[in-house]
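Shared chain: chain A. Partners: chain B in the first complex, chain C in the second.
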Partner chain A sequence: MGLVSSLVRLVLSPQFFGPIVFPGLVTVLAVLLSIIWVERKIAARVQMRVGPLYILRPLGGAIQMLADGLRFFFQEFIVPETVDRVPFLLAPVVAMSFAMLPFAFVPLAPNFKPYTVPYSMPAFLGLNTVIPLTVLAMAWGSNNKFSIQGGIREAYMTIAYEAVLFISAYSMALLYHTLDFAEMVEAQKVPGILLNPISALVFFIAMIMSAGKLPFDIVEGEQEIVAGPFTEYSGIAFGLTMGIGYVQLYGFTLAFTLMYLSGWEPLVAPLYSIYPALGGILLFVKAYLLLVFIVFLRAVYGRYRLDQALRIGWRTLFPLAIVSVFLSIALGVIGVV
Partner chain B sequence: MSSSVMEARLLEKEGDEEVYEVFIGPQHPASGHMRLIVRLEGDVIVGVDPDIGWVHRTMEKLAESKEALKAIPLLERMTIIDSQNVTIGYVRALEKLLGVEPPPRARYLRTLLSEINRIASHLYGMGLAGIFVNHSTMFMWCFGDREVWIQLAEELTGARLTHSYSVPGGVRRDLPQGFKEKALKAIRYMEKRLDEYHRIFFDNPQVRARYEGVGVLKPHEARRLGVVGPNLRASGVRYDARLLGDYGVYDELEFEIPVREEGDAMSRLLLRGDEIRQSMNIIRQVLDKIPEGPILAEKYLRLIPPKLREPALKEGRIKFPGIFANLKLPKGEAVARAEMGHGEIFYHVTSDGSKKPYRVRVVTPSFRNVILFRYLPPGHRFMDLPAIYGSLDYFPPEADR
Partner chain C sequence: MFRGKVRRHVEAIATGLKYLVKPNRITVYYPEEAIVLSERYRGMIHYDWDKCISCGLCAMICPADAMKMYRKKGEKKARPGINYQRCIFCGYCVDICPTNALSFTRVHDVAFEKLDEMLYPPEKFTSEWRSPAEERGARRLRVVFDEERGLKHVPEQ
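Presenting the complex of A and B:
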């Protein structure tokens, strides 16, 4: 009996529940399975098609991604002779791990933080910056011309969006006088997107760039470089590389909700009183809707050219991010927050 | 190509070791049935060698090995998406050799199917132009709307793609009942859709950024390279084989040949949209003006046994007598041109007096346009290559024959 209750206590402790159950691993898998289906269904709707249908027909093929995932698992994972085996095999695993780690810094409700540090926002963003490096490792390890082209594109894109992402996030930190997500939510009497819309816009575009979704899926550029850095991957490793972008995007939408959409507020008190983490349900719903909007963009846009994306990053977003910093300072001086 | 005008476009120097060579195709998501050997310096293309011939099917030789009529279903396999326009030139060349002219109603029907096919072919090209910049909605919309025109063609001919509709002396089938209403409905639908294409694709800032000012082909270069079809007209050169009045009833109809001056990838795409509007205009006029009468020349109607002739004329479906496949081609030569969706196709048929043509020479529009792969991309970014490819509406099986 003592063992069971201590296990339950372990599972329900913020340190475990956050990263592993919600919003971490288990929820990530559920989001991954559902959002790709949603993406394909929305695109199909716009394009006068049906989309996934045959697997679990009553629900319109809702578990299509489960079938695809199983196929990835049982498909042969081919390791070409010419690859550099260590980075080739290690990089997708490291990438997925680092895509999952930031969830340890996402607070779900008042006083429910998986990992209590006063710097959860920079920690969250910092962990995400490891992923481009693993993509470079994949590109280099694959020893393939298309992969290396993709790797170079990733490197260019990274320096274009990363600074912008950080500056716009820090402008919100300046506004709220804190580097902690939970305190940011508490500081938002008015949602941050209304206080500093420039910062919100810049962060939004930069996070799409970071996750490599349309119109910025330049790294994977299927029409020129097959699958970019992921060209040589097959089986479950390809499944991982495909999932990284979505996991990253899901994490960023959570961060966006915390910083600009007042997080879990208004708090659902009955659920919160049952178990504090359930108070984060509104945070999840907001983030998921944002995710749905981003995957909907696939049906509207094509892909920008590399130099155009870089121009957007450096010539438009970068100055806007700086402006957002000054806007935050001005708002702070006036004393809005 | 001795012209210095064109050579100025080629950036690649012999023995340059800085270049990075990428083989795109023949197994590549966007290569089609061909291979492009691309040489890059950094992200900038310095040379492209189109390596063609992967789907060469000896069309010309096969056409020489069978009776003249039987080559029609063969040759339409070159461009299966545009099978009326690809064979009409051959049929015209045979008619010139045989000394037979189609009756007016047959000429109208040929024009009708030619334009239906042209719309379907342009939609195919526009859809591919969409997916080349990963715009999947344009791709799906165009291919979905193409179905409308394919079904219209099926209604008329009995086959979705391989119509084999035109034969020497006329056409195989008459207009089915209620065709006019269906065609007008399709035109109304397409007009609405073209506006929607503009909203989602042509006026989309992302698409404009990718296609505007990319792959500019100047008029004198287009003439020099012998480019044909919409790619030529988008560069400001007004040339269209339909203007020659050699086939169909184009000289009796009022329509415009759309021309654009910019010569970039965007104008090539927009021109296809303009041509779809003109084709619908032609279809409308054809349906209004089409005269009554036989659909096969009198000379060949007489070959049909009298018992079968009456029902054939009544039903408007001609079942050919065996003797029709064994027509002897008089000794001589004939040439014919026709305007396909991709551009002008040219046939040269030589006969030595037997049932089979002695020689069938085909020059297809895609074969004439493939040279653009060499001259347009140098100086552009690597990511412009799919945009240029998409704007050219290149069809490898047609070029390789």
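Presenting the complex of A and C:
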């Protein structure tokens, strides 16, 4: 009895529940399985097609991704002779770990933080910056011309979006006078997207670039360089490399919701009184809807070329990010927040 | 210029949303539905044993070397056989046949398990072709032009 109750207490403690159950590992897997199906269905609807259908037909092929995932598990994982084995095998695992780690800094509800630190916003963004490095390791370790090209593209893209992402996020920190997600949510009487729309737009575009989703899937570049840095991967390692972008994007949508869409407010009080983490349900719903919107953009936009994306990053987004900083300072001086 | 760019982004997203809410699908659910093909469709070729006069024109005209004349030992007449590994469905053999012994069927959706099965000597060449989808009772659809939508599939009467 004592063991069971202490286990339950462990599972329900913020330190465990946040990263492992919600919004972490378990929820990430559920989001991964659902969002890829949603993405394919939406793209199919817009493009006069039907999309996945035959696996569980009454629900329109909803468990297609489960079938694909199972296939990844049982497929042979081929390690080519010419690869550099240590980075080749380690990089996808490290990348996935670092895509999962930021969830430890996502607060779910008032006084429900997995990891209590006053700098959760920079910690969240900082952990995400490790992923491009692991992608470079994959590219280098694969020892393949397509992988190298993809790696170089990743390096170019990283310097184009990372500064922009950070500056636009820090402009919100200036506005709210805090670097903590939870305090940012409390500071938002009006949603941040209305206070500083420039920062929201820039962060939105930069986070799509960062996750490498269409229209910025330049690193993968399926039409030109097979799968970029992930070309040599097969089986479950390919599944991991495919999932990284989605996990990253899901994390970023949570951060976007916390910074610009007033997070879990208005708090669902009855659920919050049952268990604090359930108060985060609105945060999740907002983030998921945002995710659906982003995957919908895939059906609308064509891919940008590398040089076009870099131009957007440096010539448009970077100045806009600087402008958003000044806007935040101006709003702060006036005393809006 | 800036306003024009923003307007085009908004228009693109609005168009996408329009189709998301009201999809304009053109997919034919193939094994359950099948399109009725035109009379002149160039599908698998049927060979009429009795009409053939063994002139050999079909084998001569074939640009892909798919058609060949087969002669059994002791027989005078040679008869055509086809290799579907090579056939490009150009229809020259059907056109040139002086007695219309060769004719196109409207069947195209067949599959072969082995490459050898694609070889059709004269005896096998006379076999009838059946569409597997239609054998399973697929709904027959006809393609019609529609003023608003472009192409449309309607059930055949």
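In this text, the second predicted complex is superposed on the first by the 337 of 337 C-alpha atoms of A that agree within 3 Å, B and C clash if a C-alpha of one lies under 4 Å from a C-alpha of the other, contacts with A are read in each partner's own complex, and residues count from 1 in each chain.
The working rule: a residue touches a chain if its C-beta (ideal position, glycine included) is under 8 Å from a C-beta of that chain, and two chains touch if they have at least 3 such contacts.
In this text, all values refer to a predicted model and were calculated from it rather than measured experimentally.
On the superposed chain A, the positions of chain B and chain C overlap enough to count as a clash. Residue by residue along chain A, chain B and chain C are tallied for touches, and B comes out ahead. By the touch criterion defined above, A:R315 reaches neither chain B nor chain C. In the superposition on chain A, contact of A:Q223 is made with chain B only, not with chain C.
By the touch criterion defined above, A:R85 lies against neither chain B nor chain C after alignment on the C-alpha atoms of chain A.
Once the two complexes are laid over each other on the shared chain, residue contacts for A:K189 go to neither chain B nor chain C. Of the two partner chains placed by superposition, only chain B is touched by A:R305; chain C is not. Residue contacts after overlaying the shared chain place A:F296 against chain C, while chain B stays out of touching range. When the two structures are aligned on the shared chain, A:R71 is found in touch with neither chain B nor chain C. Legend: residue contacts after superposition of the two complexes on their common chain; A:R49 is shown touching both chain B and chain C. Annotation: chain B segment clashing with chain C after superposition, chosen from 183-191, 327-335 or 345-353, is 183-191. Contacts of chain A with chain B, set against its contacts with chain C after fitting on chain A, overlap at residues 46, 48-49, 299-301. Of all residues in chain B, only 20-24, 28-30, 43, 130-138, 140-141, 144, 200, 204, 206-207, 209-210, 381-386 touch chain A in the complex they form. Chain C meets chain A in the complex at residues 12-13, 15-17, 19-20, 23-27, 29. Residue ranges of chain A in contact with chain C, taken from their complex: 42, 45-46, 48-50, 296-297, 299-301.
Contacts from chain A toward chain B in the complex involve residues 43, 46-49, 145-146, 149, 214-215, 217-218, 221-224, 226, 298-308.
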